[in-house]
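Scroll down for the structure; my scribbles are underneath it.
In this document, chain identifiers A, B, C, D, E and F correspond to the written order of the chains, with residue numbering beginning at 1 in each.
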Amino acid sequence: MNGIRTIWNEGRAAILGWVHIPSLLAVETLARCGYDGLVIDLQHGEADLASAMPLLPAILAAGIEPLVRMQANDAGDIGRMLDFGAYGVIAPLINNAEDAARFAGALHYPPQGVRSFGPRRPPMRHGSDYFAQASQTIVSLAMVETREALDNLDAIIGTAGLDGIFIGPADLSVALGKPPRADTEDADVLSAIRHIIARCKAGGRKVGIFCNDGSYGRRMIAEGCDLVSLAPDLTMMATAARASVQAARA
Amino acid sequence: MNGIRTIWNEGRAAILGWVHIPSLLAVETLARCGYDGLVIDLQHGEADLASAMPLLPAILAAGIEPLVRMQANDAGDIGRMLDFGAYGVIAPLINNAEDAARFAGALHYPPQGVRSFGPRRPPMRHGSDYFAQASQTIVSLAMVETREALDNLDAIIGTAGLDGIFIGPADLSVALGKPPRADTEDADVLSAIRHIIARCKAGGRKVGIFCNDGSYGRRMIAEGCDLVSLAPDLTMMATAARASVQAARA
Amino acid sequence: MNGIRTIWNEGRAAILGWVHIPSLLAVETLARCGYDGLVIDLQHGEADLASAMPLLPAILAAGIEPLVRMQANDAGDIGRMLDFGAYGVIAPLINNAEDAARFAGALHYPPQGVRSFGPRRPPMRHGSDYFAQASQTIVSLAMVETREALDNLDAIIGTAGLDGIFIGPADLSVALGKPPRADTEDADVLSAIRHIIARCKAGGRKVGIFCNDGSYGRRMIAEGCDLVSLAPDLTMMATAARASVQAARA
Amino acid sequence: MNGIRTIWNEGRAAILGWVHIPSLLAVETLARCGYDGLVIDLQHGEADLASAMPLLPAILAAGIEPLVRMQANDAGDIGRMLDFGAYGVIAPLINNAEDAARFAGALHYPPQGVRSFGPRRPPMRHGSDYFAQASQTIVSLAMVETREALDNLDAIIGTAGLDGIFIGPADLSVALGKPPRADTEDADVLSAIRHIIARCKAGGRKVGIFCNDGSYGRRMIAEGCDLVSLAPDLTMMATAARASVQAARA
Amino acid sequence: MNGIRTIWNEGRAAILGWVHIPSLLAVETLARCGYDGLVIDLQHGEADLASAMPLLPAILAAGIEPLVRMQANDAGDIGRMLDFGAYGVIAPLINNAEDAARFAGALHYPPQGVRSFGPRRPPMRHGSDYFAQASQTIVSLAMVETREALDNLDAIIGTAGLDGIFIGPADLSVALGKPPRADTEDADVLSAIRHIIARCKAGGRKVGIFCNDGSYGRRMIAEGCDLVSLAPDLTMMATAARASVQAARA
Amino acid sequence: MNGIRTIWNEGRAAILGWVHIPSLLAVETLARCGYDGLVIDLQHGEADLASAMPLLPAILAAGIEPLVRMQANDAGDIGRMLDFGAYGVIAPLINNAEDAARFAGALHYPPQGVRSFGPRRPPMRHGSDYFAQASQTIVSLAMVETREALDNLDAIIGTAGLDGIFIGPADLSVALGKPPRADTEDADVLSAIRHIIARCKAGGRKVGIFCNDGSYGRRMIAEGCDLVSLAPDLTMMATAARASVQAARA
């Protein structure tokens, strides 16, 4: 059973780390810092599919779930990440029902979807019976982060074969005419976030959001989120480095 | 002029970052956090010579100095790092005058040393006249971290062609029969550190030390150190990650 | 002349190896084991476009043909593989005439297709006249492996600019509601395979199939296949390793 | 301000190098040979997105502009190159207004376009205000190189959000039924080139072209081009190598 | 506790795989084929230190021990492999007591040896107490494969800090004037092998040997070996590939 | 038979290219420009052992010989390059008879040398009989480039198991108190070069030299050299690029 799904089944929220630096050692270290999973960001991070390949099993070996945020809603790339051990997929820029259906199709074998068979790592975890249980082992979240997506929110939420929605607050802010911000306090953006959470609840789907500060993450869980990601590795490192230098120079 | 040397000429201490993660993006980011230079650790970090190659000019492009801590006191490897843009070299396990002389030899062209000519990146910074000024562009520190090195301290300090000593507190602690620790408060180890600092001062050489906390770094500067390195990237990231998760779970 | 095409012209079937492990040494070794060509699997293997780049000329240097199974029916990726020395292309999930036409378009220069000019390795083999003979140097097979593809079989077979069909038995089994299997004995799947072979013969096109056991490959040749691929490197290695350990423990 | 744009504002033409070899050292060297920018060719060169990543900041560090010629008109890939420090984008095979609009959309944040926010390197150059000025920092050229593109030339030129057109003479020659050639003297192709230049001028847009010889580049500038690229690294190297061997054997 | 040591403590022999192909997927697969550990061959395989880095934790994640056969008896390289998760080290060409002492020194922290402190992966397995238990977690075997080594056999065997001897039959054959062979039936070489086994037994040390066939491995265990390695991945793959092609062509 | 040796047996001089850029495509291209072999420079070029691995067979596939200039006179590294397909080895900084003997030892199997058996690529060229003929397939040149080496010239030349001497003119110039130059016209350095050539002739050994201009190479052949290397790839590219830009700007 996917660890994220287990957490959800227990009524809890999952707390994820966010990987911008595709260093195996860094990821092995982060994977032992208390997160429930790590998201390798293939869109805005330094990692791509190739550099994500060794990271996925390393995260699993630490006892937590490896997820990816795709660069795009591409069935071939999604299939590849699943074949090599991603157990969660976040797809960016899901703007309408058609995007959502294409995303869902990439995640499941026929007849539910169009995934091609050829898993390399999952049978190491799930055994030779992986084909039958594959859909259960994967969590999937569609990113809602544009005005078009807000307009088609219920249709996206209602798409079969997806677990729910992941909110991208920076792009969502831009969509609403605001500067790009995570951990936003902008009233309009917060209102949109609450609206998305509410519609997901109404539709019986999970909802997650990208955060920076742990305290903002806790607040989003209190707002109803089933999953939050916290500050990317790179952000944490830079913040700590500046403080370290300052302490030495003081 | 090497930026570290400029700082020394101004009577100040240099503050360095320490790189365990050979991610170009991470290093470009760290290089803009206020350090005077970054040390790529080829001995205990994830980087090796090949992965250090793109990092060296990226550090320089941020306006600070790129240094390397070698895996070993190997003339071929040192020459390669110099040819590709390291402007500071820290060599581990310099235990006696012979080790120190070998290290110094690797750093300088004949007749001072045995470096082979074929610089690739330094002429991009220093022009076609690099050969004549090469020795001036490089800072070099021999690591004193064993009992044998303590026994031969003055001979190492007195070696021509080196700028000074870099103290490795973890190995030094082990050498003195203590558990390996940076930022040590162990009286015997601190006494050894002060002894090394004093002998360097007496010998007219620079002295540096590996630290974790910025405040410990400041203290070592107050003790007389001309250079301190602060917490490695990986250490900072892990500490911040644990705090982040804790804040979200609280 | 492409070696596969020569074999076909002689009325024989081509026997291919299947590469899941993008190790240059492994591929150089496999390329000398008697195959007529090696297929680098970019969809379900560890290789991607970047890691396939050095493998393609290494296969050719052994005197056999380098082929690729694409991750997707993507004209940009196909062009890149052709520019860097693939002489056979197998495209997955060709489900209808439009997919097939898009695949064919990617393989040929205008006016037959839309391939962009800029070959890097083929002129090393074919000389400065490569542009004129390019289409003749490439073999191309469209994968039929879904129910939709079965429904559109004749349209796919009839597409100009393709050599024929490659059967993916695992996905085809799934499409027919059976568990994914190569070397299948399932009557329905075998019946579909024979149907595809027959339609290709009727349409004057080549037909190939993915197999595991050499004996099954021989059987498929007897059934009319013009090309068979045999067990992937990884599969052979794992089977042999288990036997080796068993022999030692016995 | 983008250096190419500055040159244009001064009424001059920009002269670019063309990179087929993704060697960091080679690119650092080329970037100091007098070009105004270097184009990393992701379509027909050895570089791909991953190998381009370290090259982009190295070009910038030499004081000139890093550009990319994409493998395809793909918004995800374009966004990635922008996030990691490309300041110019040339997209191949822009054949109609829809292609051009998709290309323009990938380059700009909403509401002008659909670029997703998450720049990694540009804030190192432009500061925290990058979002507001992003569009100004990027130059963009759509490749006209097919018959369809010629038919839709004014619609492509008229697309908002693009700087202009880049002529691919080899593919353009093929489109006109001629063998693929750069530095062409073919009357029909030259006529088409002059037509494209004239329409760009009429539409108030910039126009560039791929050349080999510097003298041909100078001629194209005289014909009205605002930007020329010169012989790829690989071509120059091979020509020089043959001459070198010949001189030694003579 | 190291799994190899546990097996030895139970009076059994360990059976190892031998890795010539540094593919992560291949190694993950081999690690689940029944071996007690995998040896990454850094001397004659395609792997080097850098490519071994991701393989070591992947082997451990499969529940068996990762070992390395070094390229040379180099303390810096050995330290690096230990810092990154090798739990067994086989050093080639140990020819005399001095070589053996140098090898042993590289394996242990002071005062037993000269290993420098900075483990990256072992604390993930053994916790913060790793320093104290490090020596217990590592198995070490010195290769005896030259005439000089045979002459100094008892001195090598008697070196403190090593677990025992690993026999390299191909080089040993050459040393005895025979062609290089594993699984040898040459009487002189077999006699030398038995002599080495006997001296190890007499000295209370472990002894292992490189084999190809599983049955030869079993025989060597019967002769007294505590550890055997079986056919390298590449050898198994090539043998199976030739058989596969033959079956298809028959 | 090694192609260089064949040329020598025919009384001709071999003309080599020099590789500073470890791009596979660049090397494949250079290998078809008329050279008799290419030297991958592991000391002052961008290539290291790992990046040289795919280049060696690519050079051979073009019908010429792959050579390496080592970073250092290291038996382990030399063995690795031989195992993976280098057919010529140039070792830097051979300063005395002991250095030369160590170099020779690394090249040959016992009893002539100490090379360890485990060739991976040479049997693909030479068959299963490679062990017996290995020494004949390799050419080897010791670099004379220091004052110490000049002092020990005859002893180096007289070392069994080496083919001859390779002159490094830049380091040799430095050794003689002159600025580092290839293609030197300095009377003292030219005199030293002629002295080395004469002693090699007297000792019945081959002699080669690093050159830049083809005409200087021709002159050195006239002076008696059996082998010359010409301008490195990077040098040729930079020279051509500057000329190209100048032509466009003129």
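Operating definition for what follows: a residue touches a chain if its C-beta (ideal position, glycine included) is under 8 Å from a C-beta of that chain, and two chains touch if they have at least 3 such contacts.
What you see is a predicted model, and the numbers here were worked out from it, not measured in a lab.
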Counting C-beta pairs in contact, does A-C beat C-E or the other way around?
C-E
Centroid comparison with subunit D (C-alpha atoms), farthest chain
E
Rounded Å distance between subunit A and subunit B, as computed from the means of their C-alpha atoms:
39
Calculate how many whole Å lie between the centre of subunit B and the centre of subunit F, each centre taken as the average of the chain's C-alpha atoms.
35
Multi-chain touching residues of subunit A, meaning two or more other chains, are 20, 24-25, 29, 46, 50, 53, 74, 84, 120
Report the complete set of touching chain pairs.
A-B, A-C, A-D, A-E, B-D, B-E, B-F, C-D, C-E, C-F, D-F, E-F
Using the touch definition from the top, list the residues of subunit D that touch subunit A in their complex.
49-50, 53, 74-77, 79-80, 83-84, 109-111, 114, 116-120, 131-132
Residues of subunit A touching subunit E in the complex
24-25, 28-29, 32, 53-54, 57-58, 60-62, 84, 120-121, 124
Contact set on subunit E toward subunit C in their complex:
15, 17, 20-26, 29-30, 33-35, 46, 211, 213-215, 217-218, 221, 228, 230-231, 233-234, 236-250
Going by the contact rule at the top, pick out the subunit D residues touching subunit C in the complex.
20, 43-46, 48, 50-51, 71-72, 74, 92-93, 145-147, 168, 170-171, 174-175, 177, 179-180
